[in-house]
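In the two complexes that follow, chain A is the common piece, with chain B as its partner first and chain C second.
Up next is the complex of A and B:
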């Protein structure tokens, strides 16, 4: 490599830029951690709180704490309930998305049938229409379903999961793209040896495609954890809310609970972020191949 | 092999039986259309799984069902609503409004009785005496309605009670003892509201005030021939105005609740013609495009520069730097957005506190000034979005062979000319579809605007609640779900427009990404 005359100066500038940039991006995270230890919900203060108060953390974790009047309060934690709801909804939806998109992608990648190309194109184009915009219709459909099967209607988690399954198309595209990179020759020779189509799918293609399934699971999990509009319209009872709906409720203008929100954000943000960073290597390949932000 | 076939047959049968059962429930509740649709779907499913020729569709059926019910069906319904006046004012269906007319009951004051309550000998039981008002001399009619006495009843429970009554002469005259005074009557007022007295001619009278009982009568009668309703009390006749979605009387005044009706292109014309709608709509439309464009350009510039910088081999610990820089992407967006909402708060937020200290009291009005609010939305979106661009650029940069840079250095190229004349032209073409996808994503970036500003600051003088930072999706969502008018029809019209824009975008994008006849990713 050919070095320029000002190599050292340039390197120093590069490090300075990076440090400055990271200080800027980390600022909100450090701030929110600090705020979660502040007393009260409106206090301004420095980055390192002078007086550490655990009231918000105790509220979030459902531990007894002293309120503004000095009374000891203990309530079951709504935040943990929301967190559990989010994990439950996101993981069940993601598993079902894997089942649906895996088998759908197999048909598009390996089988030949009429309207295959047209169907694939229209799946992609129709999926671009955000579900937010058809919420009136989705609400009506869930309402009808709930009239006959109450456990899958409005204000239930199974109902919400059903709606989320509509997002299957982009994952079909992702998995199909991966299947296309695996040569079909192994499956073809297995078929000559007498294996059925279904057997080659389960026994040969699936084990070779585990990485893309991991990517799809994580991407869909993260996107469902963060989904706000559909959940906010379909779930009305506080104890049914997901974290995204619940966290927003702390920052209503009329009822501004900054400290509680901070503790909630730290508590729920850390596990999800750690999961993302651990799986980062997988995800980068999935993001660049699918080209859709998860 | 055998046993697995048996198991799959059993599973098919169970599923088919379950769907049949639900279909039966649907038919029994009288929703025939829905029942037929379900039957057709069931037949389709059974056909797909039974016929060898539809083999490929066995793999597709579940995902196509999910996609059909929760994406295509809502889309079709939304486009349908766009041509109706569905809103809070025109909420019910036509038959729903007809039923509400037929259900409407009113106390017939002309047939009222004054009443007295007589406690029975036991103390727990009461009898009610209904006395008609004395005939007015000017009335002309000489028919005097009889006075009625009810059977004894108890007011101990707060539940609906029905008792029959007979003319007082037949019932053995006015009860002994004295009637309750007004003060005592007030004490039993609430349970008394549950009392229905059934007169011998089957007229049902209930309490309408502390002094009177009156029969409840139907207000409207349906005239089948003219398809109209006539008011039995005052003779008014109303008929449906199918264009306005209301029942109107002869004078053209609206009567009763409105119903949904097809209004053709009305909602779309509103955007063009209505001044109070068009102005804000254009503002929102332009801002949506600017917002998506700026978001893509800004995140690309920052992400690209970071990617190039972190490709520089001289920097140590590049892996660690990369993970740190990606961090905003790892945190769920709703959490970061809400954190920024708090930090940007002009009164309690830390950003203005720090800015104020650093720049001698410089505290922008992030929530009330349109320009600062828009700047805030872009800043937050830059923070959220650059890691994605960096990941994309890094991926493509790593496939660029490094020897071309050495060749350029020999030819006297500077780092700056390398960046603009080699790196950028190399990575832009493969990025183009991804940049368009990012534009489409930001065009519909609901979460950011809804959670960060909810559209605020408000545009003054607009017909519906809409703000300067609203983009088309949040504008539409708020029209339907936040605005008191619940303008489903109008919101769906805008949703239809958005759908057309976005599908054109994604079609162009697909063509660009595939550049061939065969669709591939």
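Up next is the complex of A and C:
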């Protein structure tokens, strides 16, 4: 390709913009890491701490540390408990979201039934109201459920997961959009080959749809790891909290424990990163190419 | 056996749009039946109803005497080849072909045997371990055909299988499918919009338009004895020339008068056209039945000649397609000689009146 005279200048500008953008996104993250290694609970200060202190991390990980008075403190880490709670809730919710939205999207994309369009639209409209708006209702509903099934009521993880599954509509739309791009003739072919609807879904459609399932899983996982308002209302006991709720508890009105907050926040990034790396290998394009005339 | 019978089959979509009207067909065992028509004529829908991919709104479809209206596709013992191949992109060619056998619980050895045999017939053995992505269009369509033949079904259904291939590959696959039909001796129902495919492959052809069967006949019967103007115009390439005009009685006999020219009706057609004297009719003549006047012998030659201006000349090799303008509507002639024709010059075209067709102007049905 023939390049214009200004090519180098354009390249330089493009790089400058990219570096600026990366710096903008990286700075808050580095700041949080910095705070988590800073002595005391100061939010302000230089990016590289003058003195590196591991007290917040030791607290978070349940290791013995010296407190402000010099006493050695050792206690089981409540943060690790929250960490585990978060992973549990987010994983189970995301898996169930996949099952529900995948099968729901299949129905909307492939089956013909009455009020199909209306149901899709109402899903979309309901999704426009943030879940936070219905906090009171969620609280009341969980309270009632708890009267009959105590393991799914307030202050239980199954209860919280139940509420989270209400966010399935947006994922149904996403997956349906992907299914719509896959020609129906491939599945019709499988039907003629002798597969049942279920076998077609599992054996033909699913393998072609891995990328969208990976995306849905990551998105829902990220959102549930970091979700605060609903979890804070549904979970009242300290040992049931998720990381997001727990981290917030370090910020008392009179005493902002920024260091602990920061260490907890960094910790919550770990499962997300791991999940992303795992799912990344499914995020490949061209899974459907070759099946039909392009 | 693979005898398929359609009786009063209808297809109406929710909302009252009817795409297939009262289709009656008796497809004999081992027959190669072609459904042909312009897009939207209901031919694909008819095929999909036989396959079980579309529900039947009315009538019955039976395969070997068993009514299959309510049977799902997998229980009808049919195989289908789709226009866009519809291969399973995540499986190898081998697994694509083996899938239907696996679903039906065949033994591994039997599956292997059948897949290898089919691959051998179609010449795709070297590609068995490849994914469809790594194949060319023609090879993919072969895999799709292979997937159908390994199952040894009663009936093969082809839904425009060659439309996605380039012209050369299409001609080659056309011959291969014909050959395959002879080898396998299985009933084939084949849908296409291409009348050349229909003429060259079918043992019988069904011409459809607007969801209604226009004519069912062997290829040459269709060509020589079309039942109406639509069939006459649809079959044959280049298509039949049509002119509208009146039948007149003159001293020499009956004449068709277009306004710009008049030609004498052949003796064989006279009786049928007596009833249409002084009435409007449509007149049809195939490009192959037009010759240069100088070569036509006989005394009546003048009464069969049309003088026209040469507008376009298309040399095709052996043939030359000449677009003539006798006044209003075009007259296309397929001339086999290498006459050099000046564009804009006058040309005397001789019509082979014995082979012309007349249609009722209102009903468009063939008069003779």
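Keep in mind that, in the parts below, the second predicted complex is superposed on the first by the 239 of 294 C-alpha atoms of A that agree within 3 Å, B and C clash if a C-alpha of one lies under 4 Å from a C-alpha of the other, contacts with A are read in each partner's own complex, and residues count from 1 in each chain.
As a working rule, a residue touches a chain if its C-beta (ideal position, glycine included) is under 8 Å from a C-beta of that chain, and two chains touch if they have at least 3 such contacts.
Only a predicted model underlies this, so the values are computations on that prediction, with no experimental measurement involved.
Between chain B and chain C, B contacts the larger number of chain A residues. In the superposition on chain A, contact of A:194 is made with chain C only, not with chain B. In the superposed model, A:66 lies in contact with neither chain B nor chain C. When both complexes are overlaid on chain A, the residue A:117 reaches chain B alone and has no touch with chain C.
By the touch criterion defined above, A:202 reaches neither chain B nor chain C. Shared-chain residue A:186: touches chain C; no touch with chain B. Once the two complexes are laid over each other on the shared chain, residue contacts for A:30 go to neither chain B nor chain C. By the touch criterion stated above, A:13 is placed in contact with neither chain B nor chain C.
Judged by the document's definition of touching, chain A residues 287-293 lie at the interface with chain B and also at the interface with chain C. Only residues 22, 25-26, 29, 34, 55-57, 59-60, 62-64, 66-67, 69-75, 77-78, 81, 306, 309, 312-315, 321, 323-336, 338-343, 348, 350, 353, 383, 388, 391-392, 394-396, 406, 409-410, 415, 433-434, 437-438, 440-441, 444, 446-447, 450-451, 473, 476-477, 480-481, 488, 491-492, 495, 498-499, 502-503, 505-507, 510, 513, 518-521 of chain B touch chain A when the two sit together in their complex. Within the complex formed with chain A, the residues of chain C that make contact are 51-53, 72-74, 78-80, 82-90, 99-100, 103-104, 131-135, 137, 140, 147, 151, 164. Interface residues of chain A, counted against chain B in their complex, comprise 1-2, 4, 7, 11, 14-15, 17-18, 21-22, 25-26, 28-29, 31-32, 35, 42, 44, 99-101, 103-104, 106-108, 111-113, 117, 120-121, 123-138, 140-141, 144, 147-149, 162-163, 165-169, 172-174, 176-177, 180, 197, 201, 222, 225-226, 228-229, 233, 243-244, 247-248, 251, 256, 258, 261-262, 265, 268-269, 272-273, 276-277, 280, 284, 287-293.
On chain A, the positions that touch chain C within their shared complex are 183, 185-186, 188-196, 199, 204, 207-208, 286-293.
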